[in-house]
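Just dropping this structure here.
Each chain gets a letter, A, B, C, D, E, F, G and H, in the order it is written, and its residues are counted from 1.
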Amino acid sequence: MRDTHDACHVAIPARDLDEAVEFYVFGLGVKMARRYADRVTFDFFGDQLVCHLSDEVPEEAVMYPRHFGVSFARPEDFDRLARLVETRKLRVLTGPSVRFEGTAEQHRTLALADPSNNVIEFKNYDDPRLQY
Amino acid sequence: MRDTHDACHVAIPARDLDEAVEFYVFGLGVKMARRYADRVTFDFFGDQLVCHLSDEVPEEAVMYPRHFGVSFARPEDFDRLARLVETRKLRVLTGPSVRFEGTAEQHRTLALADPSNNVIEFKNYDDPRLQY
Amino acid sequence: MRDTHDACHVAIPARDLDEAVEFYVFGLGVKMARRYADRVTFDFFGDQLVCHLSDEVPEEAVMYPRHFGVSFARPEDFDRLARLVETRKLRVLTGPSVRFEGTAEQHRTLALADPSNNVIEFKNYDDPRLQY
Amino acid sequence: MRDTHDACHVAIPARDLDEAVEFYVFGLGVKMARRYADRVTFDFFGDQLVCHLSDEVPEEAVMYPRHFGVSFARPEDFDRLARLVETRKLRVLTGPSVRFEGTAEQHRTLALADPSNNVIEFKNYDDPRLQY
Amino acid sequence: MRDTHDACHVAIPARDLDEAVEFYVFGLGVKMARRYADRVTFDFFGDQLVCHLSDEVPEEAVMYPRHFGVSFARPEDFDRLARLVETRKLRVLTGPSVRFEGTAEQHRTLALADPSNNVIEFKNYDDPRLQY
Amino acid sequence: MRDTHDACHVAIPARDLDEAVEFYVFGLGVKMARRYADRVTFDFFGDQLVCHLSDEVPEEAVMYPRHFGVSFARPEDFDRLARLVETRKLRVLTGPSVRFEGTAEQHRTLALADPSNNVIEFKNYDDPRLQY
Amino acid sequence: MRDTHDACHVAIPARDLDEAVEFYVFGLGVKMARRYADRVTFDFFGDQLVCHLSDEVPEEAVMYPRHFGVSFARPEDFDRLARLVETRKLRVLTGPSVRFEGTAEQHRTLALADPSNNVIEFKNYDDPRLQY
Amino acid sequence: MRDTHDACHVAIPARDLDEAVEFYVFGLGVKMARRYADRVTFDFFGDQLVCHLSDEVPEEAVMYPRHFGVSFARPEDFDRLARLVETRKLRVLTGPSVRFEGTAEQHRTLALADPSNNVIEFKNYDDPRLQY
């Protein structure tokens, strides 16, 4: 469990801020909080995502070792995200699929790539206690 | 505000997992959740941090564009973190200092570097409503 | 998500305060908090609604651009409201019906008119994350 | 008290959507959720504000009978809002001032006008139990 | 909704304190908090019930106008209470039955009598918003 | 602690319903929820109070054995109530005063009488854990 | 953080159940939930403590390795407990004193012994995040 | 109900700390918080478990009178724990089975033994109100 009032903070590179707004707000449905010349900030599922204008974006979207996302405690929230991804035809990297099948830490996963090749992973553990 | 039961998920590279455990558990005081041959997972201030064993670690700790951390809603939580950093002599990159001074989004910041040169930023906004 | 202790505040005109109490308390089932010569205040689904005695009421109930209401996160709360509207035969403007069908922001809607032609809309999004 | 997951919904006219985004996001610091050709939606202090493109905007900003806003349960949240209004030089209609002084329902109030002359009122009651 | 930390306080007469403990703790399953020569206090479903030693107990258990109890927001909590009443063979005054059937404020009710003829009513409204 | 969604239920006699509304809504500042020919219901500090029209009202207001009220967990909520009682000149039976002084269960108390001689007690324990 | 609805469960030996009730209810101020011939159960600061009638009680109260208790997140709750211990003259084993002074995990501690020589420790960490 | 921010504290003996970490972290899935030469601390289902290095461990695992564990309010959390125990082949002492069958306090129970013969009991009451 975590505090409702604190926010996790994730900062990533974006090669173009308009493109980032397009993807995160009109694609993923997150909210735009602030925008500056060199960065745009989002309320990303209750946490803070900042896209910094940068040339250092990955050449292609690769799952490991760097990515970020959300572990949903409730399966229906994962399902809703998967439906939104399908409805809005967002770029899927892998999934939805099951990982660590048959173990206690079994979970569903769905990974997307943003326009700057940052990887976003959504998960739902059968036992949310093990989502850490 | 965010849901107490979901978890933000951040995955980063680590050149050595023992070193990561040493820094995150015995340094930052986060909790070790699971450990595998190629990764170790943490309950990082209520969210999930995963260190993946990887050679792709930065050569030096650079603030932008990639970092992650926590925005504390309450100033005393930022103060406690700053004291812990001092007491345990963790490697500070910048701060504690004030950013965007005199504006509505003024906040305190303190950035650390982990042994693999990943950057961790802690913040506290004067107006937590603007922490997104 | 929002804070449990703050209240959204909506002020609207009412041509007659007794009529407003009749509609909001005995019709919609909201609670009367305070009453003055020129206004009456309600605990409207946890937020504050104030009806100001005024001649500036709309000649007829029109949906756009001005209305107010509640987005219920849980479908059963929308269902209960719809049943109350039916049982108590409140004046329905539109619905219950589905809007933005087939999109991620699909939602059910039901709009009422109060005796002063103010429009009240109740909604339930398939994905409550998109209710903003 | 109110449910953290439901949202109060307020719809108002805006003569220009860019102007509305400028005022609400870059002025008041609320978050932009969605934007369509004829409307833009905001996460307004945890509730949903929708600006509908419309010619029916008031000729001037008048406090009664129509306005909307937030009653903050904690005085420091009102103070923060007042500071932001000052720092960002938003258009103030009245206040900060005290209303109903010396009575149990005494409260501070601060009213702004948006670019389409909609009035937004922020309040803080000495006794938050009476904020309804 | 109500605050989790405050407690509603109900004080009633009891002709015998041992008998009161027997009924409330071993019958209804509430918790004994404190006991004095002239009173015993209980954590009654999260609120405070005090039984004062007194001769002024009703001659028989009568529903109106004085009684106290709990409105459960969730039907399963009412069901559990009804099962406990049956399993432990507590003295039932009326119910379980339905009141105000077919109206928006329809609810189930079950009334018990304690050994001093105080009446305790448990309720569950179809629409918990109307439980006030 | 108690559940935010359940409600404690207290039913008392009132010799006149208008008088009850006058006292509870315009005096104590509680909210009127529903009114019938023979009863009126209130949202009384988050719990449900019902005044049943009845001749069985006490001849005078007597503290024991029957009364009801609220134990506030926070001293400032007791202070606010005491100020409201003073400002609105409500009929005080006893207090504000301190009971069980010097013991662990020390608390402040303030008792009022309603127009039908029902007694309402407000309390604040130095150690809210002992408020049961 | 932990779930409000689950309960930690601690079972310990007691050489005499009346004595256990005397100590835990009338001494420590916890609530008695249920009592059987061979055990008594308590709501111990929101968790479940069970005293099993047993001869296997320690000959004297020894701090390590076995004890149980509560880590209070707020200093004032520790202070209240310390005052109650003093007021009610409960048997203190050690403290109140400070442990791990000057480190990040510095905390106050106060240990009691129950009549069966079980040890109960109350703590308050300067940084509640490190209370695990 | 209990406070989300406090922690129940349980201290037990362990003959070997590595073995304790192996069982609690990699077996039960609890999180390691801190480790010292003579003890290791865990975030045990949101409460604090401390294993003190000690020779005083029981010769065999015996249910009474000493054990500790968790009462889950929701049946699905008990089910998940039971599945993890089965999947990871943890040492079961008794259950899953039903106790106090046919009574109001009926509950499911599952007891494990750790490598130092400490007994851990997980429970789920049909009526969580009676879990104390």
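To be clear about the criterion, contacts are C-beta pairs under 8 Å (C-beta built on N, C-alpha and C of every residue); 3 or more make two chains touch, one makes a residue touch a chain.
Here the structure is a predicted model, which is why all the values come from computation and not from measurement.
Counting the residue numbers that touch the partner chain, subunit D and subunit F have less than half of them in common. Counted by C-beta pairs in contact, the busier of B-C and F-G is F-G. Between the CA-based centres of subunit G and subunit H the separation comes to 18 Å, rounded to the whole angstrom. Rounded to whole angstrom units, the spacing between the C-alpha centres of subunit C and subunit H is 49. In whole angstrom, the spacing between the mean C-alpha positions of subunit B and subunit D is 34.
Residue positions of subunit A touching 2 or more other chains, listed in rising order: 1-4, 29, 31, 33-34, 43, 45-46, 77, 105, 130, 132.
You'll find the chains touch as A-B, A-C, A-D, A-G, A-H, B-C, B-D, B-G, B-H, C-D, C-E, C-F, D-E, D-F, E-F, E-G, E-H, F-G, F-H, G-H. Those residues of subunit H lying in contact with subunit A across their complex are 4, 29, 31, 45-46, 77, 80, 83-84, 87-88. Residues 4, 25-26, 29, 31-35, 43 of subunit F are the ones that touch subunit C when the two sit in their complex. The touching residues of subunit G, when paired with subunit B in their complex, are 1, 102-105, 126-127, 129-130, 132. Across the complex, subunit C is touched by residues 1-3 of subunit B. Looking at the complex, you find that subunit G touches subunit H at residues 1-14, 31, 33-34, 41-43, 45-48, 52, 54, 56, 64-74, 77, 105, 121, 123, 128, 130-132.
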